[in-house]
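Below is one structure, written out as structure tokens; the observations come after it.
Order as written gives the chain letters A, B, C, D, E and F; numbering starts at 1 within each chain.
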Amino acid sequence: MRPSGRQTDEMRAVRLTKNFTKHAEGSVLVEFGDTKVICTATIEEKIPPFLKGQGQGWVTAEYGMLPRSTGTRMRREASAGKQGGRTVEIQRLIGRSLRAGVDLAKLGERSITIDCDVIQADGGTRTASITGGFAAMALALDTLIKDGTLTENPLIQNVASVSVGVYQGTPVLDLDYAEDSTAETDMNLVMTEDGRFIEVQGTAEAEPYSLEEMNAMLTLGAKGIKELIQKQKAMLAE
Amino acid sequence: MRPSGRQTDEMRAVRLTKNFTKHAEGSVLVEFGDTKVICTATIEEKIPPFLKGQGQGWVTAEYGMLPRSTGTRMRREASAGKQGGRTVEIQRLIGRSLRAGVDLAKLGERSITIDCDVIQADGGTRTASITGGFAAMALALDTLIKDGTLTENPLIQNVASVSVGVYQGTPVLDLDYAEDSTAETDMNLVMTEDGRFIEVQGTAEAEPYSLEEMNAMLTLGAKGIKELIQKQKAMLAE
Amino acid sequence: MRPSGRQTDEMRAVRLTKNFTKHAEGSVLVEFGDTKVICTATIEEKIPPFLKGQGQGWVTAEYGMLPRSTGTRMRREASAGKQGGRTVEIQRLIGRSLRAGVDLAKLGERSITIDCDVIQADGGTRTASITGGFAAMALALDTLIKDGTLTENPLIQNVASVSVGVYQGTPVLDLDYAEDSTAETDMNLVMTEDGRFIEVQGTAEAEPYSLEEMNAMLTLGAKGIKELIQKQKAMLAE
Amino acid sequence: MRPSGRQTDEMRAVRLTKNFTKHAEGSVLVEFGDTKVICTATIEEKIPPFLKGQGQGWVTAEYGMLPRSTGTRMRREASAGKQGGRTVEIQRLIGRSLRAGVDLAKLGERSITIDCDVIQADGGTRTASITGGFAAMALALDTLIKDGTLTENPLIQNVASVSVGVYQGTPVLDLDYAEDSTAETDMNLVMTEDGRFIEVQGTAEAEPYSLEEMNAMLTLGAKGIKELIQKQKAMLAE
Amino acid sequence: MRPSGRQTDEMRAVRLTKNFTKHAEGSVLVEFGDTKVICTATIEEKIPPFLKGQGQGWVTAEYGMLPRSTGTRMRREASAGKQGGRTVEIQRLIGRSLRAGVDLAKLGERSITIDCDVIQADGGTRTASITGGFAAMALALDTLIKDGTLTENPLIQNVASVSVGVYQGTPVLDLDYAEDSTAETDMNLVMTEDGRFIEVQGTAEAEPYSLEEMNAMLTLGAKGIKELIQKQKAMLAE
Amino acid sequence: MRPSGRQTDEMRAVRLTKNFTKHAEGSVLVEFGDTKVICTATIEEKIPPFLKGQGQGWVTAEYGMLPRSTGTRMRREASAGKQGGRTVEIQRLIGRSLRAGVDLAKLGERSITIDCDVIQADGGTRTASITGGFAAMALALDTLIKDGTLTENPLIQNVASVSVGVYQGTPVLDLDYAEDSTAETDMNLVMTEDGRFIEVQGTAEAEPYSLEEMNAMLTLGAKGIKELIQKQKAMLAE
């Protein structure tokens, strides 16, 4: 039995709140149960130096956690003087994942920065960030189309992310903190609407996992991704 | 006329939302109009080295802004590798202000860390942080009393903060961003329930201000502080 | 009685030594009693990026203390790898204060950097820095006028700074370290020759202060500022 | 056709040189074709603070590249003042992977640090580092057994790593730089001798990959891992 | 002819001012012509970790330049966030040099920190720092003897430092900035009262130097050192 | 007797391996006995800002040690966040020394970066770095001549470096770690083929050294330099 009483293939309540803050070109509060992340998308008419003159844009991401988004207070990274290894790893993952959903040539010579700030954590902050970050990016791109800057939407297809794992010997979908902190295996999937993979990151925390377990996790994940993309579409259609 | 149409002595709508996030000992979302700050209070059973063996506690504060809490994206301080001068100045002000509301000897050898994270900025983030930070601290101290750790409440009296200024030649209360960015003088007041001063920080941005202008600002400020302390009490009584 | 035996409205011996070092465009050793600060003004034909193309100049300040300017050795900030919060706060205050004395449009597209380095500290280093920094800036501007770079002096009026406070229940002028370290309230005033305020920063270290105490402090401060501006004028006339 | 002329399931020439340097407890030069990494294992009788009193040890890793291990010179991270995101990501992966091969309780309260320094890069530096790092760790553990510090070998089973990918539409094993820099998908596998997974990290660089492609890559990877573990065993048996 | 009109073996006017500032255990203003350095010695009853339990003390040094000690303003190292290579090199040299003048076992388990802060630079700041730093250290040790902490003076013999060089083909003593910036060779000597060497650091800036030139420089240096040690002794005897 | 059994004027076995790695314009593995350093030379068509428009090039160096190049593991500087003082000192020495061997005007507006990375240390890493770094630079310059970028070789003459010292009262040549760590005096010499000096850095670690000892060391050093330059020439002629 899962601590939350959920079925093995049951996601937590997922909620995407449109325009949660007012300044960003796109802004979404994403909730996977008690995990809450503010995702904003900023569009700037500049590109990183390594892309100069290539006629294409860029998508990048930054990730942070409020010091008291967690059960015990974490040191503020701005005060520590650098972003920790986990932060760096996560924001690189978010950036790669969202770039896969955008045709950078169609975006033109501009950049989108996705900021994902966790205000409350309960497991799955990186998958929530990718799912909500995609939604914020889509909102921001809408503004470019509405104001005539872009004539064609550079989005290729929806991208979402969910975690799967092996918890007490059983493959489960969308781990919360109680499961994540003791699971044997934790795998984050980033997938597209057509069921293909952008990222698979599976880590055996305790015991290596077999090919059979991996296949079971991939099946659970595909189900979760489908539900998340429906949520994204519903929010964008509001 | 003020850009918002407010009277010279009229504050913005102020809202304090109790227990906005779940992990902290005290958590408040404070809103001064469109300025929104998450304030959390963390209690830890440790004190900074310079207080060792003195039988008293400590209160400190940290302040941050989400990168897109503002009209144009600000660089994340964790990524820049250090907190900027403005951040340092503000968090020192919050810490000093809140320490003035607590009897540190009654607090005992433990520390309270107030984190103030701006999720949307529209002027007055430091005064909102002090006002909401006090409320979060009060909630956290309640938990220590309820669980029997403390028998006496170390709070001395309520502390709140508001800005006043001279805008187009007229003293006004609680400046929003449209006023703050062009005001001749900007003054932040931190005051106690009995009408005395903890901090007065008045800066002439353009033109030095006279004693008469200062007195007019102090009168406006006292009115605002009274209203804010009523809001704090109402929230704590919920 | 004050530890130094001074009257409540009596300043320490103040001395401004012109051209204390030889390389800077303006250089002053300022002494408020045993507090000694080297202030230099550097003029550079460049402006910070945010002012590009606005036809105006800039004034900024940096502040430091020699490691053994104090009773116990302080860690060198260059070795610690960053400027502490107190340093940042002070140098921002000095910069704002001195900018208020200069017509930045008349200065033209050049910048003045005021370096204030404390070689011996005994309370009031920031007020001595502002008072001496203004004098160094005035000397540097003289060189621009003498060499014909400027035809009109961009100085608006003299700016000086002094501390006041409540020490053992009594308002006093120009606190030395013995007073400052135990005063109930410490207030730094930056004022212009015509008696108006540029900055008021009053902090209750122990007990909040009343409006009556504030008014008494402002009166003392105005007296001290007048004396300091006379010293500045005498030095500049040498 | 692969640029190197290799078969799709053919690894580059792999060489493990025992005791490449003299000071470390374990030292191996690992070569995957033109990729050359010095792996050293250091044993220290101390553990990180978070493990104090739990009666177990720790394995961690650090990774670096010589500035001119690559075609164009990379800035030295020690001079840049911090480890880049890619470095952080890789050394966390190496550490997690090698910990999975060791029974930390049997290791006792001591730590093993694996340093992987790339002296020449041609793709696959992280998989070479894990494969060579395991071998260095095994050599270091041998010294603890030989000198009687440990009576039982804490190694659980061999761990090795190889990359697979989709290059010009075809799944291939062990990508070199020419392939890696243009492949559609790049996947790093860390596996155990019994064919289970410790880490799967697959990234679609250009085009999302299907479940069929993933399965083909896993099959290639399992073949490569088997060959690498034979090389490890041969070197340890020398 | 030298720019200053000095003879080839003639030092600049050297002055050592005792107790230049009041807080340090030893404090000296050292002047080599227009080069002016404040040297302070701080005694602390603690030693660095690597000396724990060895029954001996330590001497270390830090060096800094005020931003406007030079003809054009240098960036403040505290603001740059680190000490530059030249600073690090110089303070290591000062530390090594002064340790050679002290019997660290007789000093006991305490440390002396020499701070050398250049307030005006005109060439030879490192040699002035060593010469003045030794004098400050001697003053500080006197306080330990006077208050009975030490019964025996740990000083072995006087240490001083001077530069020599080849300027326009001629060996000269004590280079000022005008010479130093164009000299073919610059050599810093640290010597003891009995004429032996602690440090010789000779650098060919333009043209390698011959053995004959080196010998001529060493002879000049020995003369300068003798004069400097007389100045030290005179100041200490005041 | 020396720990290694060598004669007082006998160098360790010296080996220079040409083209040790494949990417750099010049690459050499230099061995002085058990001290092994990878030296690479990188040519870039850019110069540092302070040389802009002067029609000359630049040579600079960076130095590092692998964490386990030494008997106990050293902390990785990239992880510590900065290069230590010893590293900074050494890489400045290498840069100065190699610049002395090159006519920077003939080099033209391009820069050479010498990276010296110690993979195994046994004393004398800086002298090996200079000796091997010169050889790598010469190889890199050859490529510029062969491809017609340069028509004239900017090398002036060979530069090499060796250490000398006083070990147990006797001057010796080329100290290994066993000698270096206990020697009374350690002196590094950088000399040209014609027997002149580029750098002399002699430090009395324990006891000041006399003029006689210095002369004896210089004689030993000249002998070692001659042998090293022969090795350089032999390698370049291969």
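Heads up, the rule we're going with is that a contact is a pair of C-beta atoms (placed from the backbone, for glycine too) under 8 Å apart; a residue touches a chain by one contact, two chains touch by 3 or more.
Note that the structure is predicted; figures quoted are calculated from it, not measured.
With steps allowed only between chains in touch, the distance from subunit A over to subunit F comes to 2.
With steps allowed only between chains in touch, the distance from subunit A over to subunit E comes to 3. In this assembly, the chain whose C-alpha centre lies farthest from subunit D is C. In whole angstrom, the spacing between the mean C-alpha positions of subunit B and subunit F is 59.
Averaging C-alpha coordinates per chain places the centre of subunit E 28 Å away from that of subunit F. Averaged C-alpha coordinates put the centre of subunit C at 33 Å from the centre of subunit E. Between the Cα centres of subunit B and subunit D there is a gap of 51 Å.
Counting only residues that touch two or more partner chains, subunit B has 81-82. Listing every chain once round the ring, from subunit D with subunit F next, yields D, F, E, C, B, A. Those residues of subunit F lying in contact with subunit D across their complex are 21-24, 27, 34, 36, 38, 40, 42, 44, 62, 64, 66-71, 73, 76-83, 87, 113, 115, 117, 119-121.
Interface residues of subunit D facing subunit A in the complex, by the touch rule stated above, are 82, 85-86, 88-89, 91-92, 96, 100, 187, 191-192, 194-204, 208-211, 214, 218.
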